[in-house]
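Several structures are given next for inspection.
Presented sequentially are two complexes of chain A, the first with chain B as partner and the second with chain C.
Presenting the complex of A and B:
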C-alpha cells in the first residue's frame, strides 16, 4: 500500500473536520477525494502532505509511519489550486527548487529539468517567469516542480479550479498521462464529480468530515450505498417504496427492475430507491412503454442542453401516486428526466403534455433510515415536533421527508393503532414523562426505529452506540452508520460488562468490542471508537450521556415488553435524543409462507 | 469617431499634469533652487572652507552614519514587528498596530525629551546601562536611538502589505519540496518583500537624515562628537551666516540625493526581475 490512513481525525475548535477516516491507496493508483466544500477533503490532503498534524490516528506512506514526520521529510509532491509558484524565480529555478535544496549538481539538475519540462510539454520555457505564462502553463510548471525530487506520492489540491473548461480538459489529460508514465500514486482533491469520473481509478466521497463510500466511478454511480453519494454523483430521483415478500412496490405497483439487497431482508419495510434521470422512459400511453410503468405526469419544464434534453415532470396526485423522498421547494413532486437526441426523435414532447412514465432500472439503497414519521397523541405536539430543529436539519441533510401520524391512544396498554397503515421509516416521539411506555407501545405495534427527541435537542457532536443484545448488533450498527453519515459527530461504541465480571471473562468483553468495531468498519463503513465500561447498563449510559452536552444515544433492543424498567430514566430525561432500534428474529417468520 | 478617447476616472491629463508640475515647483524645486543659488553666490574658497571644516565633516559622519545605522536597525526589527502583526493573532494586536504610528504624530521634540529622560544616566533604562559602561544619552548612541524611533513606522508600514502578499501556500509548497525554515525565509519570503523593505529603508533613512527636533535633546551637541549637520546649519543661521548654512544644506542635499538615487536604482533593478502579472 502506498498510502495508509488509519482512523485519522482532525478537529478544528473541537469540531471534527476530518472524522475517523481510514483508507488504503495502492501503488500507482489514481485516487480522487470527492466532496463538497467544507467536507474535509483538503484538510485530509494537507494531513497526508504533513502540512497539518492530526489529532488522532496514523498515516503511513509506503509502509513507513509518517504521522509525526514533517512535510519536508515525507517525500510527497503537492500541487495547489493557485499554483503557488515562486514568482521571483524563472520556470527553471522553480522546477529545480527541490533539487537545489538537496544540493544536486548543476548538470544533473539541468538534465532532470529538461526531462520534467518534456513530461509536461513545456520545453523551451525554462527562462520565462511565471507571470509570463498562462494559467494552464503555470499549473504544468507546478506539476513539474512537485515531481522534481521524485516523490513517492503526488497530491493535487483542486488543481484545475482556476482554469477554464478547455484548458482544464487538456491539463487533465496531461496529468493522467504523466501519472501513468511515472506510475506514481496520486491523490486528487476535487468537488467536481465529472472530473472525478474522468480521472479516477477509485473515488472516495467525503461529506461532513467522513469518508462515506469508496469505489470505482461506475460502481459508485450505479450502486451507491448512501443517499449523499447517490445525489452528489449526478442527479437522482429518490423515491420511497416498500419492500414486500414479492419484491419492491411503489404505492400499489410492483417494480420489476431491481438491484441490490434490501436492508432488512424480506420482512416488509420502507426502502429508499434511486432512479437516475436517464433511466426514466416517457411515452404517450402506458402501453407504449418499453419498460415497467411507474406513474403518469405532466411535463413541467424542458431544457435543451445539446446532447441531452432535461425535463421536469410533475407527478399526478391520487391514491397510487409515487412518494418522493423529498420534493422541490414548492412541495410539488417532480421527477427529473434526461433524454438523448435519439429518444427525443422517437417521441417529441411539449410543455404541459401528459405522459406515461416508465423506469428501466431502480437501485435500492441499503440504508435502514428511509423517512421520519412524527407521532403524537395530540395535534399541537405533533406539529411542534415536526418542526423540531434537529429533526428538520437531519431530514434535510438526509433529503428525506417528515410525515405525521396521529395516535390518540399512544401509550395506552392494549389499545389499537388509530391509523391502520403500517409504520414506515423512523417514528419520532417527544421526550416526556412516560415516554418509555409510548416507545414500547410503538415498537410492539411494528415500528422498527423510534427516535425519542427532546424538543430543544440539536444535532449531536458525539453519538454513543450500545445494544442490549448481540442479536441486534448488526441492525444497530446499520442504523448508526446511516445516522452518522449525516451528522458531524464522533461515534463511540460503549461496551458494558457487569461490575463483578470475573477477570478471566474480561478478554471476551474486549473481543466483542473489537468484533463490533471491525463489523462496523467492514460491513457498514462506519469508523467508531470503542470503550469498555463496568457496571449496570442503564446507569452507566446515563452517566456517560450526562458528562457533556451535545450527545445522542443509539440503543439496540430486543425485548420490547420491558423497556420502561431498565431504560425509563434514560428516555425520559429530555436532555439527549435516544434512537431505539428494535429487531426481532422475525426474518424466520417472514420467510415462512 | 476619430476623437474617441479612453475615459478615465479623473478627467484632463493637461490639468492634472499642470498641478503636478506647479506643486513640485512651488514646494520642492524653487526652494531648492534658492538654496543652490545662495550657495553658488559664495566664493569657491569660502565654500570649501565651510564645507570641509573638521567640524562639518564630523557632523556629516554622525548624521549619515547614525541615519544609516538607524535605518539598518529598523530594517531588521521593523520587519520582525511587521511579521508579528501580519502572521499572528493575539490580544492587543490592534493596539500595537496603532502604536506603530505614534512616532509620526508625536512632535519630535517631545520624543527627544522623552528619550533623554529614559536614557539619561539616572533614567529608567540609563541607570542600568551606566554600570555596564554604556552611555546612551549625549553620545552617538543616543542619536541613533532617536533616529531609530523616528524611522521605525516607515519600515513597518511598507513591509506590512508586502508580507500579506506572501501566501502561506508558497511556504507550504517550499516545505513539501524539502526546504528548511531558513531556506524558505531566504529564498522565498525575503525576495518577495525585498522591494518593500528597501522602500522602508529609504524612507526611514531620508527621514533620519533630515531629523532635527528629537536629536538635539538627546545628542548633547558637542562639536565634532555629537553634533549633527542640521544642528550645525542652525548654528550658522544663528550667527547670521546664511551662506555658510546654505553651503552645508547644499552638501546634504547632494549626498542625500546620491544615496536615494542609488537605492532607487537598486530597487528598479530588482523589480525588473519580478515582472508584474498582466492578468
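Presenting the complex of A and C:
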C-alpha cells in the first residue's frame, strides 16, 4: 500500500473536520477525494502531506509511519489550487528548487529539468517568470516542480479550480498521462464529480469530515449506499417505497429493482429508492411505455442543454401518488428527467403536457433510516416537534421528509392506533414525563426506530452508541452509521460491564468491544471510538450524557415491553435526544452485507 | 473586487466615444492639477526655502558651517543612531509580521495594537517614558547610577527613544503584505524539502522585499529626523548628545540661519538619497523580471 490512513481525526476548536477516516491507496493508483467545500477533503490531503498535524490516528506512506514526520521529510509532491509557484524565480529555478535543496550537481539538475519540462510539454520555457505564463502553463510548472525530487506520492489539491473549461480538459489529460507514465500513486482533491469520474481509478466521497463511500466511478454511480453519494454524484430522484417479500413497491405498483439485500431482513418496511434522471422514460400513455409504469405527471419545465434535454415533471396527486423522499423546497413533488436527442425525436414533449412516467432501473439504498414521522397526542406539540431545528436539519441533510401523525391515544395501554396504517420509518416523539411508555407503545405497534427528542435539542457533537443486548448490535450499528453520515459528530461506542465483573471475564468484554468496532467499520463503514465502563447500564449512560452538552444517545433495545424500568429516566430527562433501535425478532437478519 | 469594478467602470467611460470622454479628461486634468498644486504649496516651496536660505550668504558660508565640530558631531550621532536602530527594527518588524501573519495565537489583536502604540502616542511622551524609567529619579535610576551606567542624556537613551518611535514602520508595511500573499509558497517550499531558514531566505524574503525596502526607508527617515522624543532624553549637550534635528533648533535659536538651514539641507539631502537608493534598488529588481 502506498498510502494508509488509520482513523485519522483532525479537529478545529473541538469540532472534527476530518472524522475517523481510514483508507488504503494502492501503488500507482489514481485516487480522487470528492466532496463539497468544507467536507474536510483538503484538510485530509494536507494531513497526508504533513502540512497539518492530526489529533488522532496514523498515517503511513509505503509502510513507513509518518504521522510524526515533518512535511519536509515526507518526500511527497504537492500541487496547490493557485499554483504557489515562487514568483520571483524563473521556471527553471522553480523546478530545480527541490534538487538544489538536495544539493544535486548543476549538470544533473539541468538534465532532470529538461526531462520534466518535456513531460509537461513546456520545453523551452526555462527562463520565463511565472507571471509571463498562462494559468494552465503555471499549473504545468507546478506539477513539474512537485515531481522533481521523484516523490513516491503526488498530491493534487483542486489543481484545475482556477482554470477555464478547455484548459482544464487538456491539463487533466496531461496529468493522467504523466501519472500513468511514471506509475506514481496520486491523490486528487476536487468538488467536481465530472472531474472525479474522468480521472479516478477509485473515488472516495467525503462529507462533514467523514469518508462516506469508496469505489470505482461506475460502481459508485450505479450503486451508491448513501443518500449523500447518490445525490452528490449526479442528479438523483429519491423515492420512498416499500420493500416487500416480492420486491419493491411504489404505492401499489411493484417495480423490479436492483438492490442489495434489504437492511431489515425480509419484513416489509419502508425504503429509499434512487432513480437516476436518465433511467426515467416518458410516453403519451401508460401502454406506450417500454418500462415499468410509475406514475402520471405534467411537464413543468424543459431545458435544452445540447446533447441532453432536462425536464422537471410535476407528479399528479391522488391516492396512488408517488411519495418522494423530499421535494425541492416549494413542497411540490417533482421528478428530474433527462432525455437524449434520440428519445426526444421519438416523442416530442411540450411544456404542460401530461405524460406517463416509466422507470427503467431502480436502486434501493441499503440505509435503514428512510423518513421521519412526528407523532404526538395533541396538535400543538406535533407542530412544535415537526419544526424542531435539529430534526429539520437532520431531515434536510438526509434529503428526506418529515410527516406528521396525530395519535390521541399515544401511550395508553391496549389502545389501537388512530390511523389504521402501520408506522413506517423513524417515529419522533417529544421528550416528556412518561415518554418511555409511549416509546414502548410505538415499538409494539410496528415503529422501526423511535427518536425521543427534547423540543430544545441542538445538533449533537458526540453520539454515544450502546445496545442492551448483542442481538441488536447489527441493527443499532446500521442506524448509527446512517445518522452519523449526516451530522458532524464523533461516534463513541460505550460498552458497559457490571461493576462486579470478575477480572478473568474482562478480556471477554474487551473482545466484544473490538468486535463491535470492526463490524461497524467493515459492514457499515462507520468509524467509531470505543470506551469500556463498569457499572449499571442506565446510570452509567446518564452520567456520560450529563458530562457535557451536545450529546445524543443511540440505544439498541431488545425487549420492548420493559423500557420504562431501566431507561425511563434516560428518556424523560429532556436534556438529550435518544434514538431507540428495536431488534426485529421474527426474521433472521444477522448478515447485512 | 470593488477596485476591479471601479477600474472597469473608468475604462468603460474612458473608451466611450463622444462628450463623456471630454468630460472625463477634464475631470482627470482637474484632479492632476489639484494634486500638483498641493504638492507645490506644501512640499516644493518649503524645500526651496531650505536650500535658498542655506545658500543665502554664498557657497563658502554654506560649506564653512559644516566645519563646525559640533555640527560634525551631530551628523555623526545621527548616523550612528540610524545605523543601530534601523537594522534592529528591521529584524523586529520581520519577526513580528511573520508571527502575526503566519500563526494564530491568543492576544494577537492586542499585540497588533501594541505595535501601533508609538504611532498613537506623542513623541514627547515617548521620550518622557524613558526619563521616568531610566532618569535619576526613575525606576532604575539609582541602580544605573550605582553601576555607573548613563542612559538618559547619553547615546543609549537616544537610541532607545528613537527605536521606540520607529519600530512600527517595518512591521506595519509587512503585516498586510504577508497576510495577503498567504502561506502557499512557503508550504510548497517545505514539501519540496526546504528547511525553515532556507524557506525564509529563498522564498519569504524575496516575496516581501518591496514592502521591506519601503518599511526600512520610512523607518530610516523617521530615525534620522526624530525630534520630540530625542529632545526629551538627549539633554541638548552640544557636540555630545545633539542629533541633527536638535542641532538645527539650537543654531536657529542662535540666529545662525545659514548654519541651521545648511544642516537642514543636509538632512533633506540624506532623505532624498534614501529615496534615490530605493528607486535604484527597485529598478534593478524590475530589470531582473
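Rule of thumb we're sticking to: the second predicted complex is superposed on the first by the 585 of 593 C-alpha atoms of A that agree within 3 Å, B and C clash if a C-alpha of one lies under 4 Å from a C-alpha of the other, contacts with A are read in each partner's own complex, and residues count from 1 in each chain.
By our rule, contacts are C-beta pairs under 8 Å (C-beta built on N, C-alpha and C of every residue); 3 or more make two chains touch, one makes a residue touch a chain.
Because the structure is a prediction, the values reported are computed rather than measured.
Overlap between chain B and chain C is detected when the two structures are superposed via chain A.
In the superposition on chain A, A:358 makes contact with neither chain B nor chain C.
When the two structures are aligned on the shared chain, A:80 is found in touch with chain B and with chain C.
In the superposition on chain A, A:149 makes contact with both chain B and chain C. Residue contacts after overlaying the shared chain place A:159 against neither chain B nor chain C.
Looking at the shared chain after the overlay, A:40 reaches neither chain B nor chain C. By the document's definition of touching, both partners, chain B and chain C, reach A:88.
In the superposition on chain A, the residues of chain A contacted by chain B and by chain C overlap at 49-51, 70-74, 76-78, 80, 82, 84, 86-88, 97-98, 101-102, 129, 131, 142, 145-146, 148-149. Residues 46, 49-51, 70-74, 76-78, 80, 82, 84, 86-88, 97-98, 101-102, 129, 131-132, 135, 142, 145-146, 148-149 of chain A are the ones that touch chain B when the two sit in their complex. Against chain C, in their complex, chain A makes its touches with residues 49-51, 70-78, 80, 82, 84-88, 97-98, 101-102, 129, 131, 142, 145-146, 148-149.
By the touch rule above, chain B contacts chain A in their complex via residues 167, 169-170, 172-180, 183, 187-188, 191-192, 273-279. Residues 184-185, 187-195, 198, 202-203, 206-207, 289 of chain C are the ones touching chain A in the complex.
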